[in-house]
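Here the chain labels run A, B, C, D and E in written order, and each chain numbers its own residues starting at 1.
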Amino acid sequence: MFASLFTKRQPKVGARPGTLVIPKEAEKPKIRRISYSPEEVIDEEITDVAHLSEAFKEGQISWVDIHGFGDRQTIQQIGDLFELHPLLLEDVVNVPQRPKTEAYGDQILILVRMVQVYESGEIDMEQVSVILGKNWVLTFQEKSGDILDPVRKRIRNKTSRIRNSQSDFLAYAIVDTIIDAYYPALELLGNQLEEFEDEVIMDPTPELLRKLHRMKNRLVNLRRSIWPQREAINRLVRGDYPSISENVRIYLRDTYDHCVQTSEVAEMYREMVTGLMNTYLSSIANRTNEVMKVLTIMASIFIPLTFLAGIYGMNFDHMPELHMEWAYPMVWILMLLTAGGMLYYFWRKGWISLDASSVENEE
Amino acid sequence: MFASLFTKRQPKVGARPGTLVIPKEAEKPKIRRISYSPEEVIDEEITDVAHLSEAFKEGQISWVDIHGFGDRQTIQQIGDLFELHPLLLEDVVNVPQRPKTEAYGDQILILVRMVQVYESGEIDMEQVSVILGKNWVLTFQEKSGDILDPVRKRIRNKTSRIRNSQSDFLAYAIVDTIIDAYYPALELLGNQLEEFEDEVIMDPTPELLRKLHRMKNRLVNLRRSIWPQREAINRLVRGDYPSISENVRIYLRDTYDHCVQTSEVAEMYREMVTGLMNTYLSSIANRTNEVMKVLTIMASIFIPLTFLAGIYGMNFDHMPELHMEWAYPMVWILMLLTAGGMLYYFWRKGWISLDASSVENEE
Amino acid sequence: MFASLFTKRQPKVGARPGTLVIPKEAEKPKIRRISYSPEEVIDEEITDVAHLSEAFKEGQISWVDIHGFGDRQTIQQIGDLFELHPLLLEDVVNVPQRPKTEAYGDQILILVRMVQVYESGEIDMEQVSVILGKNWVLTFQEKSGDILDPVRKRIRNKTSRIRNSQSDFLAYAIVDTIIDAYYPALELLGNQLEEFEDEVIMDPTPELLRKLHRMKNRLVNLRRSIWPQREAINRLVRGDYPSISENVRIYLRDTYDHCVQTSEVAEMYREMVTGLMNTYLSSIANRTNEVMKVLTIMASIFIPLTFLAGIYGMNFDHMPELHMEWAYPMVWILMLLTAGGMLYYFWRKGWISLDASSVENEE
Amino acid sequence: MFASLFTKRQPKVGARPGTLVIPKEAEKPKIRRISYSPEEVIDEEITDVAHLSEAFKEGQISWVDIHGFGDRQTIQQIGDLFELHPLLLEDVVNVPQRPKTEAYGDQILILVRMVQVYESGEIDMEQVSVILGKNWVLTFQEKSGDILDPVRKRIRNKTSRIRNSQSDFLAYAIVDTIIDAYYPALELLGNQLEEFEDEVIMDPTPELLRKLHRMKNRLVNLRRSIWPQREAINRLVRGDYPSISENVRIYLRDTYDHCVQTSEVAEMYREMVTGLMNTYLSSIANRTNEVMKVLTIMASIFIPLTFLAGIYGMNFDHMPELHMEWAYPMVWILMLLTAGGMLYYFWRKGWISLDASSVENEE
Amino acid sequence: MFASLFTKRQPKVGARPGTLVIPKEAEKPKIRRISYSPEEVIDEEITDVAHLSEAFKEGQISWVDIHGFGDRQTIQQIGDLFELHPLLLEDVVNVPQRPKTEAYGDQILILVRMVQVYESGEIDMEQVSVILGKNWVLTFQEKSGDILDPVRKRIRNKTSRIRNSQSDFLAYAIVDTIIDAYYPALELLGNQLEEFEDEVIMDPTPELLRKLHRMKNRLVNLRRSIWPQREAINRLVRGDYPSISENVRIYLRDTYDHCVQTSEVAEMYREMVTGLMNTYLSSIANRTNEVMKVLTIMASIFIPLTFLAGIYGMNFDHMPELHMEWAYPMVWILMLLTAGGMLYYFWRKGWISLDASSVENEE
């Protein structure tokens, strides 16, 4: 899992800056433009990039949403039309990059990572690049399908705040929705963790160790998304970028708050997995101790007795005891005393408890 | 336990900012207004939110205390009356949030987490939201019942400082009381910890490991409340908010001091639990070593002797020793020498000590 | 030990700020005033607080030294006379507080923790509160008896720098003496640690583990005093307080240096105890390995031999070997070869070394 | 591996600053000058240092590339010609130094470490010193051969940005290429790590422990290159050096981003190796537990039975059981009951599972 | 070792600031004055401190070098002559102090720690106090003998930069030489560490554990010298002290660079020792696992066989098998099948490998 997240699609060493790396199997771009003003909403699929110049019309906000990078020319045309810096375009296309915010002139690039939780329990991540311009917002994703439909719906609602605000509020709404989605993902992991907590003391199997290990990798990975995101959003809140209004920054402060919360929970979960791994070792040591006690008690009791039996199994001609009448019962008595002495010794050491509950506790 | 503290009541992904999440089983709001001036105190239950406009009367300070969020309309009316920002109201209702202080215009939102220690040893946490306005203070809690009665009593005392100060001092008194309550909670945990310290070396059972684990989770959780609270109160002390007077900030410095103390103690306890968990492992290893020594001594002494007995239990026709008169006592002497040699070897290695105290030490 | 240091004598939750908590068994206050100028020294026990107003006389420095808080009225009178802030008085009386420095108007409160090493090896801690006023210094301690006699002696020495300086130099001299006393305490712990270092590899008993554990708690505790003290003194050095002169700050820089040194040594010791605890585990694992080797060698050699002896102890009618003349010596030869083969195998594996020194190394 | 990276070629203790340490076996210097303007490119091997003064010609940018330090006089002549500070020259020649950027007057020294991944999986490092002057760039390497050919090729391309920019862009292009090369190196290590992840639970051999240990050293080493590089590049981005233009700093920001990414991945890998080492210990403990269970089950079942058999192998004259007709089958029944009882006990404790899959899981 | 470095020669608790602690066995002071100008060098032993006033002569730089503190009066006279602050003199004489730089008026005190590596592999440390005055430099050491001869030699060289610079360059040259000497010390430790790396997996004895422990203490100690030194030199570089010229600060930047390098290497070594200690534990666990496997295999194979032999060693009158002709060979076949079954089971579990190399791997 982590390998795929690391291997950023990287140009050849020494390639010209701005080189776009587009794999053969990449999806063809699907472009959708949603333009809105307080009065009207236009929502259309775009097939010819030239038509996108509509997005610059005064008096309305346009959200241009691109899914799929599988046509270099189209991507380049969009870059030219919106006057995107080649380094910006490189970060948008050569996914995944580290989440960040960067200003290029008066454009702001916001790179975030969108998580999607599937019913199977799998967590999927995809980079979403949000570019905030004067009266437009561009979003880029590698694969079609996202979690932004609630935002699109809010745009269609005439009374919504989004409809009556500038493009910075639209960018906020998109980023906020993406951050919100970390909550269900963390909840899923938290539930799994809670299951492991009991198992690690009750039933520490190698399979559990493997699950803990996988969980740790997942959390390390999640942290790699969350932490830089937190810093990135903080820069938006702090007012480093003049094109984000004071009012929208109050909303972004709320988003930042969510980043902090999720980063702390992820950190806490990571610590807990590490703790569980240490507890696992203690649990195993405990069990080995239990096993050893049983062996030691059994062996310590029966080995001396077997020795005694061996003595009187010897075939010497001259063994007076063999011919005494009470010898056999005396040997039994000696054996019972020996066994009783050992049992008393082990009970004193606390290795034997008298109540039957000890077996129960074990399970 | 930790799961419940994490699962903040979160709106659906992509919901409009300011969405209030109120579960069906939520308590109906109970509203209480305490208005006071140096001369008089009015303390009344409010059933109609409209009556709350009394709270704005010049020349007196009003504390409006709301317990229970189970009526969306009432909450919204209060929000409208006091002109609360939708994001502020969201944080107040969608509990628990991370402790923090935030300014909305000249209102200050102070989110803290109130701990209550029950006689059973259980520790309960609840978010208290304190909003400081010009001449009023609003407090919100999800469930009725709190630890603030001493403050209410001090208000009724005509000579108390609280009665003769502004609303910022009332907000301080509320927050200070909530922070104070961390001391008995930490004391309880400290006492439990002290018990574990002996047990971990004397009697390291899986049950103790489970207790240590639970304790660690509790402390991790506590820390998650205390640390952001510390930062939140520090911002009040530093003078980021002009509506808090210089004089009240001296009092808040005292509260901050308590935050620092409790955070350090919680941190120290957490380190100690981790240390105890490592000591637990060492203790178990020690015990396994003890068990193994007993087994090895028993087996090493009797196995060679049993072998000797086995030799002379063989049924070969031609075994001259069997027919010698002194063979049987000689074999006994040989066995005693062997056993003595083994015992001497183990004593040299320090695995056997001559004093009887070793059993005592064990227990 | 740590519990007592934590349980700061805390007022009831929600108590009025400035509430003094004085236990019934508290010592009655003993007050001593040392007033000095370059010309003369007055050193007297004070029984009536009203007489303390002498301390404000121009042209001389007064050190008012209070031991014991067991009379609320006296403490309050002193507070009134010196115009101490109620929060200051609270921190002075409700010991122990976290070491710190705080300004109240032009008074400076310096809270430090005094260590005393007794011959038994016990280390004791007590809060000393130093309040620096215009031409006076107040010190408060809970129990009579301190380590400040050298300072009192230096005051009586007409040529001493202390005699010819302002009250800030007196406060420095008191604090410096208290910090100095950490050196012998750390030296004591360092000597104990050095003893543990050998023991942990030579003789890792559960008793040693308990000692290491106790040592760690002691160091954690010490650190809790030293670290905030370091920060507190640093604030005096940095010049946050105008009533401390440039010249005295050079002297305080020396005290700060000592704080840094002691904090680093305490930190180093704590790391070393943690390291010793890990080494302890390795030592035990080592020993278990040694024990297991002995068991395995003994069992692996004799179990097959005993099996062989068992074979020829069987009572079948038809066992041709039993009747052969050379069978018995052949069996002995077979047994010796088996034993020799096992020994060679264990020697190849390095589990048996030929020199006798291995026993020595062990001890 | 790490030793060689540490042992920086260090002058004798107390040597004059600026002492160059050139080992006997050092390569003779090879000098290559690439001078270019938008119109033309000159690319030539230089054999006489005096010819290098061409590099100062107005209107063109010169890249002087030196491989090999094996001629003190040549190095010194270059130093004199370009007016390099003796301390700068020392850092360039006495490789390896810590990556850094330093200004000497208006010259900037950029020390970076170039990684080269060979097909065998070996990772090699070499210091590259980049000195940025007014209209020239000097690069120094100890051994001939580098990864900078793509930059040389881009210079020959008339339309490339590099051809139409100043010397700061050339320096950027060189540094950027060197940083890019960390990606394939990290990818290689990541793939190895992924292999170890399965092995550590499935097949934890001492050989694997050795591999993990070696991997950790490699990552520690890599980090020692990456972290200071990150800081060094950050200083270029921040604008500490006026000779780097605003525009080039946007490109350097991209390089810095790559430094951050690689440093985070290296850090993550290091944590993962540490985690794997801990998991290794748990895996071994697990296996020992499995081994002990088998031993204990076998011994606990058969030792009592053998004892019983021993009893009736004794040769006493008076043992009534021996002569009863049903005694032998009764003993068998007793033995089977004993064995069954033990098996039931072990099954209750969960040490025996009934499905055959447990063996499979193991492998 | 560490104890001696910690126990700074500390005055009695509460002693007057500036108290010099001189042990009885202290060396008598040896004083050497080297005064130089570009034209001439005067190098003489000083026996009468009064003659030292020559050191203030205009137009020349004087280095006054004192070895040994065993004469309080001499030290005090030097202090008076050079107008050294009593706190400065205290830090110079009561060695060892924490490395630091401090300004006293326009004098700068630079405390560093000189390491000397002896051929035996021992590393020795000594405090060197460098005091930089207007046109003189004072150095103090407790014991005669140092590593500064190369500096003295460079002074005698008429063309050296030192001869043609101010006193700040002399101070730099001394400090730089002392820092340089950390390289051979670290190289020595690095070589030892490399040896431990193999041993810890191949041959993890208690003796090795002791060596690792000692190595860790040495590195902790070294770090305690290096880290504050790094900070101290950084303050000189940053320009906190106006009496150090811009030009000399460029040279000090080089020295600072060396401090950073040595501190990072020391840190890396410390991490590696900790890692080796953890690896040691894993190695031991591994070996115990190997030992247990051998025991379990031997016991599991032979214990059931011995039981079988025991059965037919019983002396019941009615045991039909004993009288069957094929019973004895059938028992052998049964035994071989049992043993084969066990061997197959262990081979399936991977506890037995068929190639002989497993013994080799072990060693």
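Here, a residue touches a chain if its C-beta (ideal position, glycine included) is under 8 Å from a C-beta of that chain, and two chains touch if they have at least 3 such contacts.
Because the structure is predicted, anything quoted here is derived from the model rather than measured.
Undergrad: Once the contact rule is applied, which chains count as partners of both subunit D and subunit E?
TA: none
Undergrad: Tell me which chains count as touching both subunit C and subunit D.
TA: Where subunit C and subunit D share a partner, that partner set is E.
Undergrad: What whole-Å value do you get for the distance between subunit B and subunit C if each is reduced to the mean of its CA atoms?
TA: The separation of the two C-alpha centroids amounts to 25 Å.
Undergrad: I'd like the Å distance between the centres of subunit B and subunit D, where a centre is the mean of that chain's Cα atoms.
TA: Here the centre of subunit D sits 41 Å away from the centre of subunit B.
Undergrad: Out of subunit B, which residues touch more than one other chain, so two or more?
TA: Answer for subunit B, listing residues that touch two or more other chains: 278, 281, 285, 288, 292, 295, 299, 303, 306, 310, 313-315, 319.
Undergrad: Considering only which chains touch which, how would you classify the arrangement: line, ring, star, complete or other?
TA: If you draw each chain as a dot and join those that touch, you get a single closed ring.
Undergrad: Output the circular ordering of the chains, read from subunit C in the direction of subunit E.
TA: Once subunit C is placed first and subunit E next, the ring gives C, E, D, A, B.
Undergrad: What residues of subunit C sit close enough to touch subunit E in their complex?
TA: 147-151, 154, 160-161, 176-177, 180-181, 183-184, 186-187, 190-191, 194, 197, 201, 250-251, 253-254, 257, 260-261, 264-265, 268, 271-272, 275, 278-279, 281-283, 285-286, 288-289, 292-293, 295-296, 299-300, 303-304, 306-307, 310-311, 313-319, 345, 348-351, 361
Undergrad: Which stretch or stretches of subunit A touch subunit D in the complex?
TA: So the residues of subunit A in touch with subunit D come to 2-3, 6-8, 10-17, 85, 87, 90-91, 97-98, 100, 102, 104, 203-207, 209-210, 213, 216-217, 220, 224, 274, 277-278, 280-281, 284-285, 287-288, 290-292, 294-295, 298-299, 302-303, 305-306, 309-310, 312-315, 319, 321-323, 325, 327-328, 331, 359, 362-363.
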